[in-house]
Amino acid sequence: MDDAFLQQLFEEHHRARKLPSPRLIEDWLDGLLQFLFPELSTLRFESEQSFRLHYLTNDLKFYSILDAMSEELTESPDAVRCAFEALLPSVRGALIEDAEAILAGDPAAVNRVEVITTYPGFYALAVHRIAHAVHGLGACLLSRMLSEIAHGKTGIEIHPAADIGRRFCIDHGTGIVIGETVRIGNDVKMYQGVTLGALSVQKEMARTKRHPTIEDGVVIYAGATILGGDTVIGANSVIGGNTWIVKSVPPDSRIYYREPRID
Amino acid sequence: MDDAFLQQLFEEHHRARKLPSPRLIEDWLDGLLQFLFPELSTLRFESEQSFRLHYLTNDLKFYSILDAMSEELTESPDAVRCAFEALLPSVRGALIEDAEAILAGDPAAVNRVEVITTYPGFYALAVHRIAHAVHGLGACLLSRMLSEIAHGKTGIEIHPAADIGRRFCIDHGTGIVIGETVRIGNDVKMYQGVTLGALSVQKEMARTKRHPTIEDGVVIYAGATILGGDTVIGANSVIGGNTWIVKSVPPDSRIYYREPRID
Amino acid sequence: MDDAFLQQLFEEHHRARKLPSPRLIEDWLDGLLQFLFPELSTLRFESEQSFRLHYLTNDLKFYSILDAMSEELTESPDAVRCAFEALLPSVRGALIEDAEAILAGDPAAVNRVEVITTYPGFYALAVHRIAHAVHGLGACLLSRMLSEIAHGKTGIEIHPAADIGRRFCIDHGTGIVIGETVRIGNDVKMYQGVTLGALSVQKEMARTKRHPTIEDGVVIYAGATILGGDTVIGANSVIGGNTWIVKSVPPDSRIYYREPRID
Amino acid sequence: MDDAFLQQLFEEHHRARKLPSPRLIEDWLDGLLQFLFPELSTLRFESEQSFRLHYLTNDLKFYSILDAMSEELTESPDAVRCAFEALLPSVRGALIEDAEAILAGDPAAVNRVEVITTYPGFYALAVHRIAHAVHGLGACLLSRMLSEIAHGKTGIEIHPAADIGRRFCIDHGTGIVIGETVRIGNDVKMYQGVTLGALSVQKEMARTKRHPTIEDGVVIYAGATILGGDTVIGANSVIGGNTWIVKSVPPDSRIYYREPRID
Amino acid sequence: MDDAFLQQLFEEHHRARKLPSPRLIEDWLDGLLQFLFPELSTLRFESEQSFRLHYLTNDLKFYSILDAMSEELTESPDAVRCAFEALLPSVRGALIEDAEAILAGDPAAVNRVEVITTYPGFYALAVHRIAHAVHGLGACLLSRMLSEIAHGKTGIEIHPAADIGRRFCIDHGTGIVIGETVRIGNDVKMYQGVTLGALSVQKEMARTKRHPTIEDGVVIYAGATILGGDTVIGANSVIGGNTWIVKSVPPDSRIYYREPRID
Amino acid sequence: MDDAFLQQLFEEHHRARKLPSPRLIEDWLDGLLQFLFPELSTLRFESEQSFRLHYLTNDLKFYSILDAMSEELTESPDAVRCAFEALLPSVRGALIEDAEAILAGDPAAVNRVEVITTYPGFYALAVHRIAHAVHGLGACLLSRMLSEIAHGKTGIEIHPAADIGRRFCIDHGTGIVIGETVRIGNDVKMYQGVTLGALSVQKEMARTKRHPTIEDGVVIYAGATILGGDTVIGANSVIGGNTWIVKSVPPDSRIYYREPRID
């Protein structure tokens, strides 16, 4: 091994800021999901106090993570932790509604336990709602790490800044991309391979709205691509599979794909 | 943390049925695959008896899993375990044929060891044939958990109830979705991003055939979408990439995609 | 369990060549990435010597892996290890350029730490540049195992033999397939779901160029499919999303997708 | 394996009360010692809150242990836990005095860190003062398990009920036995192999004082045996090595061993 | 590091026979004790079959151990394993009697659970009865490894060849040494620091009886030393603490220690 | 928990110097013993280089330990590490002689493998010779931690500063105490419970010779106590069991214990 290379690497290692380990972040996330959804937990608690102490144990991991990333926070790690805790009841409430909506809409779903324990769309959404809360509190890098955990496990990529309404259903989901400035209303349903992206990806566009808006009640079938910050899919529209949309469509639209010729 | 929220969560945790841990299920599945395919096993066995004892050890995990989920079974955990064991020789036989077919059909494949150890399509199919056997014995939630393990690792989603013939080849595979009531014949080949889905997803359609039938010898290229319970792709047809099929095509069809214009 | 089946399996296990465990390979790869990118490492080193010794520890894992797979090597495991080490400075140099290019081109990217720690496109490329070096030294099965680790985590499949130029940017990435004989120039950018594949997949075509060539400065949007060994995308072309390309296009082309009708 | 034997064992296992695992008890004890003595802790805490949360994590283990053994408690697990916590400052205060006394009295001891991290006598005493507090709160079986952990590691056996004064010094210590009803004053020093035992071991003597009393300032050299519930070693006596004492000696006694003849 | 030294060591390592790892042996021993004594087990078994499968799992470890040491066996590893299994009911029966005898004789013992879970004398005896069975089946090195596990944990050293009768009680126990050719009758009780050793330790005496015989009902107090192959302690004798015995004493003897003078 | 107590503890934790973890020290020691004695190693090395790399891995642990304790060293951690390495061949040479001497002298010993893998006396001596080298290089606290690892496992306590000649045999060993300024010649043999201690333990005596000298060829039987810095046991003497020696004895002495009366 080249000596100068090793020496240079050592110096970079020596100077580098140390982030919390990915394993710690995953452990905390798993613990939090098990806390919020008894269906995911394999532990039995004999008393409420042991349950509370167990919760605190997981919270300590969150604190350590924030502490190690405090450089990028505008408030103290503890203030962030407390503010996050205050959001948990509403995060959970939204996710319970999501699970019920998935169950009501998918003919293959048997019961809520199945949805919560096996649907990648539910998992990705659960991680998103948590990452979105973390992002809103200023821990942006951590929120991205969280969304990438879900992306890695499900193939569903949702930027933590995306704003998603209630009772959102993702079916199958692999290949979905939902960009940073997307806004999604209530009761939207979406299938695998859908992209909600930007038309232009110039660096100058950072911090402008460059991804579409999806109004209430829209259904978007597999493989559809919807691009642009001014693109609005009007309420209750149905967007067919494999379509390509770069301008707004009015409410109640039906956008279909032309069938290929059969030779 | 809000006290009422914690108390409510504790009560839900206290009442919740406890499922076997995901890690236990993955460990059993890994052990079973290593048992069936020596190429995947890193253990050396000095004698047949130590091999048998090792097999029993893994079987104990399966028993524990079934035991913890016995509420949803119609037969005793042990009856299910025995019936599953009886199916293993034919499951393995089918998978050996699948591996040979992949090797014969992919110019990049070097030998059977490479196929078994590195092809995500083979892995997803191996898990499917196991999950399908488990599903047939009534352990539906477990079968879904198994198929989601493969989905998470490969991006290939195959519902455990789907009925798949012999010598099935998946190449690349990311983004494939194969629905609950799909029927696939023998010698079918399929590329990444193919969807075999439902046309309508009304909850009332549960338990009806709502996904297509693919007859023997069909090839389906990347990104094709085939929908509907009455849609039959006739034997030996070739379905081109990115096509969109919602009605039946006769045997020996060639369905191509129109090229886009070049401006 | 059927006795003859168990006995046959034992015999196959007994005869089988034992590969290194997947966990060992992943551990080595993780260690190597942490060594090359201080942003990924959670360890602090007090002195250069402890850093060097730590590097050697990881190198030992690589040696063990090569040793266990020496049957398929044309040189001694140690010769391969040394040759690989000599390539590391240039592998790292290329990856630093890739990270800078991603940062410069993506409006959502905040800084280099975020790119290196959270972008699946960067991870897949980092693993590819390592796997490509390993492949070039003759350890083909190992190189495939490495690329499948990245495929499993990111949904991005790059054959280790593919030849990729400098400053390559992948955004989102899920569903990308880059075939064995692909050649990609410098400053190419690519989105999710792009396929660079073969037109025909006859086994006889093994070892011929059957995947496309992408010249410098090309941008390929999401879902595009480009097929064929003679297909060349000329320099600085832009290939629109969801397009289907099976023949060459000249430099500076703009290929767009026709919008579907709105009924 | 004999079937009837296996069946009988299964039935006993099925009926048996399950104690907390030895590993859990050791983990809690280690955590508590590290909490009380920073010299033993390898963790760094960035803030007081992370320290408190860490303490709570260990406390949860104690709670789980008490919960699993609640059958033998006369108060609720939580009441015991709280009462134990209230004792910790005085337990620690006594142990700091013990460490200082060992340091002051042993010519081989270099500093307090060495005493706390390497002296088995200090470790056994630390565990005893904790076990004694636990015993006093009614968790007798747990207190015995704790004292046996120290016994196994140091060869020093101190019954948790034994009443030991301040600034107690044990040097070397292997083979020391201190019985259930022993009373030891302040500033006592004791070497390896000393027994403070019972003269008679009839079962009827349970709960009577059957082990000796050692008054303030006594020194007992290696291998001395002192027996009987009425035996009192008067203050400031020196008991020589290998002596055998079964009746009281007045204060300031010097008891020596006769030298053997040299043939 | 000296090169010749490293090279020589490598050659020795290369030639060396590999024994099973100490951790594997301890794991098996722990599993066996938990199987025999439900008081030591922290697992719950839902059905007899899961219990049997669990037993087999532990048995596999024993098989692996014997397999790795088969060079020193006169019979096949499996024949040894089967013969050992056939002895387990009587080993367990003897140990239940031992536990009852300890409980009946020690005023500090509260119940059988306490004896089995916390008495080092019981633990050492349990390991001895297992090691003695293993020794009788010809696995001498393994039997020594087992007895050293107990020695390390309790300070009680019992050679696996020693022949020990029923209802044997050890109290405290640290420092006890029981030699290879010792014979102990029924209902013997022994305290800490007792040595049953050889008078002469010439190598030529290997395989002759060189350690004492203790007849039924003898009590031996702490620190007594009894030496010689012809030395017989007659039935129901009481041997006082710290005594030194090198010739036989008749039944019903009382051997006391002279008290030292008080100056 | 009392708030002031927690706050005070946190402050002490915050200020405390952090020592290397006991587990790291034990891991290094185990690795070193396995390196020196192939009989203790369970790893197979395919090539000399993989053996060397493995050795370096363990050496890294030693370096980390020294680095963390560098405050108490007079030379750089690396200088200490190198000097220690240079001593290893002679340490190993001495231990091989010790093992041969134990085998030659103990009628129960079967072969060298048994001595090295199961004799606590050999283990304690191996750790002592390593700790003595470490002590000689100025790492005093580390040397004490090493000797306490052996003390905890064997009940044999040897101060790392003690000076011990060649072919030293310990039989059984539990309860042996060998003080800081002891000097032992060649070919000495010693049994369990022997103390080589100080007559007076005034703190002022630190750094003076206060423990006995044992000349070549002496045998010391179980339980003997030999005290005092001026006490010299002349060459080839035999010291009987349970004796008490506080002044020198000439060469070739035979010191016996008076037998107790039989009443």
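Structure notes:
Which chain is which? They are A, B, C, D, E and F, in the order written, and residues in each are numbered from 1.
Following the convention adopted for this analysis, a residue touches a chain if its C-beta (ideal position, glycine included) is under 8 Å from a C-beta of that chain, and two chains touch if they have at least 3 such contacts.
From a predicted model like this one, the values you see are computed outputs, not experimental measurements.
Between the contact lists of chain C and chain D, the overlap consists of A, F. Listed by label, the chains that touch chain B and also chain D are A, E. Taking the options A-B, C-F or A-D in turn, the interface that duplicates B-C in more than half of its contact pairs by residue number is A-B.
Chain E has its Cα centroid 53 Å from the Cα centroid of chain B.
Per-chain CA centroids place chain B at a distance of 60 Å from chain F. Separation between the centroids of chain E and chain F, computed from CA atoms only, is 26 Å. Within chain A, the positions touching two or more other chains are listed as 155, 174-175, 193, 223, 242, 257.
If you draw each protein chain as a dot and join the dots that touch, the picture is not a line, a loop, a star, or fully joined; it has some other shape. Of all possible chain pairs, those that touch are A-B, A-C, A-D, B-C, B-E, C-F, D-E, D-F, E-F.
Chain A makes touch with chain C in their complex at residues 1-2, 5-7, 9-10, 12-21, 140-141, 144-145, 148, 151-152, 155, 157, 159, 174-175, 177, 179-180, 193, 195, 197-198, 201-207, 210, 223, 225, 227, 240, 242-246, 249, 253-258.
Chain B contributes residues 35-36, 38-39, 41-42, 44-45, 48, 51-52, 55, 85-86, 88-89, 104-108, 110, 113-114, 117-118, 120, 153-155, 171-172, 174-175, 191-193, 222-223, 241-242, 257, 259-263 to its touches with chain C in the complex. Looking at the complex, you find that chain A touches chain D at residues 46-47, 49-50, 53-54, 56-57, 59-60, 63-64, 67, 77-78.
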